[in-house]
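You will see subunit A twice below: alongside subunit B first, and alongside subunit C after that.
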Partner chain A sequence: MTDALSTNYFKLFEIPVSYDVDLDQVQHRYRDLQKAVHPDKYANASSQERRISMQHTSLINQALHTLKHPVERAMYLLQLKDVVFTMDNETTMDAAFLMEQMEMREKLEAVREQNDPLAELDSMSADVKSNMNNMADEFKRAYASDDLDDAREAVRKLQFLNKAKNEIDELAASIEDEII
Partner chain B sequence: MAYSEKVLDHYENPRNVGSFGKDENNVGTGMVGAPACGDVMKLQIKVDEEGVIEDAVFKTYGCGSAIASSSLLTEWVKGKTLDQARAIKNTAIAEELALPPVKIHCSVLAEDAINAAVDDYMQKRS
Partner chain C sequence: MALLQISEPGQSTAPHQHRLAVGIDLGTTNSLVASVRSGDVQTLPDEDGSHLLSSVVRYHEDGVEVGAVAAQHAITDPMNTIVSVKRFMGRGISDLRLLGNKLPYHFIDEDKAVPRIHTRGGDVSATEVSAEILKALKRRAVKTLGEEIQGAVITVPAYFDEAQRQATKDAATLAGLNVLRLLNEPTAAAVAYGLDSGQEGVIAVYDLGGGTFDISILRLNQGVFEVLATGGDSALGGDDFDHVIAEWILQQADYEADPEPQLVRLLMHASRNAKETLSEQTEADILIDADEIQWHGSLSRDQMDALIEPLIRKTLMSCRRALRDAEIGNQDIIEIVMVGGSTRVPHVRNKVGEFFECEPLVSIDPDRVVAIGAALQADVLVGNKTDEDMLLLDIIPLSLGIETMGGLSEKIIHRNTPIPVSRAQDFTTYKDGQTAMAVHVVQGERELVSDCRSLAHFELRGFPPQVAGAPRIRVTFQVDADGLLSVHAREENSGTEASVDVKPSYGLTDEEIESMLRASMDHAQEDMLARTLREEQVEAERVVEALDSAIKADAALLTDDERRLISETRDRLIAARVGDDPGLIKKAITELEAACEDFVARRMNTSIRKAMKGHSVDEYATED
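And now, the complex of A and B:
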């Protein structure tokens, strides 16, 4: 079990090292892992064993979060190939992509003036989701062929799109709240 | 977080918001985006025959510091040559606006944007 602390998240969850993950399988495996290291089991254990159990719990939680997250999973895959970076310092200069992002923001700002803002937001959310799928495909292609710069650029765009999707969905939720 | 007075001033009264036709021969366009915060910045310069920036506009989606950084930069580059514009450092912007450390990257975006705009113009001319 101690070995688990130095293994990678994919191996820990017994899934292939790939961007495509079966989220049900991940969730299932998470429950098993959690049971194995549950602090209750270590109530009478030495303080060292309890400390290790806590380290495992936090590792498992971190692994779950990373494997489920569309952007962090990609960043983690890059990390396994020694490409380590903080998103805070990243920038993208792809003018066509940024123009689209800007137009999307403009549309989002004016969405409340539409006849049916919720329908509009639904369709925007679906568009962004499909862009995210395309970007994930681009990431997988670049990652598989070791074009790590391209893979990194795809991660930047995935992050952009994921943030946009969250904003769209949050606005839709708050408009729904107002209607009720 | 508290914004400095200068940031608030640019945020509430942004200078030079607008767009030039990006296909025009005397216009350079720079776009840059920060994935972490989702900011998008577009900065455009209009250059005269002597290679002097006669006008500059911007459009930024982002936080107050990103808007203030690009607004300030459009003021600064007017009347400057392309080389002088390129020489403007993000630290000067951050200092002028008294940006806190977590917002320094907004001034970096502005520096990247003006460099990209100059590059775009040069490419059109070459």
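And now, the complex of A and C:
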């Protein structure tokens, strides 16, 4: 019998172990899993059952987060192949990539001086997203051919890009707030 | 199957016995209690037929008054009459100062974490004041329904932080209520509208109460209400409308001094009346007849709209942010539900409709809609509707993190993460030979710890000295379905552990709650023992009942050995339960739980597999 707490997230959601996931399907299964284990279904149960239900629900929520997130999902796939990212300080050594990132940062810092900072941020955000898609393709290729070093490198870059995307979005949010 | 035949004479509960549960909307201005009776959900009125209970508590030397009676004295006896106490829940003295210097109360600023309000009946915390309101609602429910209440769902603004939630739950404990769930008000409103039946899509709930504002974005699908994002302001509401009107009146009357508490109450009262009049009419007459001010004038709806416009704009800003967090555009919203008395203001409805580009839903009384939703959920949770498919999936409204070097907050759980959730992060030491680490838990979005809300401090001590950076300290956050947090820290190399149920810095301690409960009983010692015994007996009953129905459903999952062991420990618990030693009952429960641990986990796995199996069958059916 498989134990939900130790099975891998893809199996738990009964989807193929792959970077390509059908997010609608994930969402649908998530609801079904929650209907089976959520603490509200055990409101009258013993405190033991409630505790175990909470553990399972937490796990399912964690699994959902991992399966939906483009970077976490890649890291998790690597982890399934025993490649573990120990701390967040893993960094790429690709000089050209790092240079691009630095240029992007400089642009971001100066964005408030632009005529239309929000439009500029929108276009930067779109650029980063498309870079992320390319990097995800690179990850998929490397992972499929079991080239784990390349896959790991792709994840490092994805982490970079994801962080940049968050910063762009946050800056856009704070500029919007000032305008309102 | 011999196991199933053991039963306690006179103790067995019929399987489908209706259990009484209530939904409580503990509001800033008004509170309500609702219940489902013979399939009908209703808010419960008092003897005078009034459904709303004013959230006002007046303290006397030897007792309290709650509701309209107390509210009548808000102006004449402001120091002993506490209104809008919800705004003080889970707040420290410095937060209260920020709420404005217009508060008439005398706060006791001593070293205790929780500020107390000085009244002639003693110094009271916001939690105790709220408990009085809950007790009044409980009395009303018991009187109307004629039986004891098994459990309650109590609503809180979705945007309430940990400290505010904990304070609410503590108030319920003081009032002697068994809390089935703390439910977010917007979710309750969506439930009340029955939006799950037949509709699929994304809705928004705009909840502007007396003192709080919430916006929630929910996805509905086959009975599942999934909160995608929430935002708001736990210190913005209709009271602020009254404030700006009151200030306008002072301006018009050329009054420049700081108004005394009594005058503040009077002005707020007049402002509120004017606001309510302007919901129906275009002009409101205002007459202030106090010692300090005599003023007579009128306020037009357009004037009021201009005064409250900045406040409405603030709420719409929160709406934008919530939409972005949910990654949803305004045009994706299929329905917008209006909740809270302040949504009666026409300008609010217009602005919100404009923003979401759809006509707001207002068919259920916005004052009652939350209590009605809470009662429906309480009825499900207490077990009256076992076949019910409804499930409410909530999220955490504000990020949780811990303080790291340089006073920065490292977020461990981000806002809008579905709960329950458990997440761990590793930290390390920064000095050689360090053997202890202070963990400071904070909540909020800002980078600097000083800009976030401090929730708790605790220490992990006694791990072996190592070079800086070598220890691996894993901090685990667990948030339950009510949004309440517990934190656990462990040094992985040595196994040193420390954990804490987060009792917010501004919350009452367990000891304080215990002593308040004790104080409220006549023969303290005896009653506490009796209460503990009763609690253990109830838990024992619950455990046995749950076990029996589990075995009935899934006997096949048990091995013969397990069955024997469970049966023996179950007998021991039943023997202990009729005795009068709570310690013994507790021990027997722990033993039975240990014997059942594997069985319970296996059942959980089976139900997961069943849930997933349903899937593959469906898919075959559609694919073929």
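As a working rule, the second predicted complex is superposed on the first by the 170 of 180 C-alpha atoms of A that agree within 3 Å, B and C clash if a C-alpha of one lies under 4 Å from a C-alpha of the other, contacts with A are read in each partner's own complex, and residues count from 1 in each chain.
The working rule: contacts are C-beta pairs under 8 Å (C-beta built on N, C-alpha and C of every residue); 3 or more make two chains touch, one makes a residue touch a chain.
Computed from a prediction, not measured in an experiment: that's the story for all the values here.
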item	value
Partner with the higher number of touched subunit A residues, subunit C or subunit B	C
Touched partner set for A:M102, first subunit B, second subunit C, both or neither	first
Contacts of A:R152 with subunit B and subunit C, given as first, second, both or neither	neither
Which superposed partner A:K165 touches (first subunit B, second subunit C, both, neither)	neither
First (subunit B), second (subunit C), both or neither touched by A:M93	first
First (subunit B), second (subunit C), both or neither touched by A:H38	second
Subunit B versus subunit C as contact partner of A:T57, first or second or both or neither	second
Set of subunit A residues, in rising order, touched by both subunit B and subunit C	87
Of all residues in subunit B, those that touch subunit A in their complex	29, 31-38, 40, 42, 59, 61, 105, 108-109, 112, 116
Residues of subunit A touching subunit C in the complex	1-5, 12, 14, 29, 31-41, 43-49, 52-59, 61-62, 64-65, 87, 169, 173, 176-177, 180
In the complex, subunit A residues that touch subunit B	87-95, 97-99, 101-102, 105, 156-157, 159-160, 163-164, 167
In the complex with subunit A, residue positions of subunit C that touch it	151, 180-181, 221-222, 224, 226, 313, 316-317, 320-321, 324, 380-383, 389, 391-393, 417-423, 426, 478, 480-481, 539, 542-543, 546-547, 550, 593, 596-597, 600-602, 604-605, 607-612, 614-616
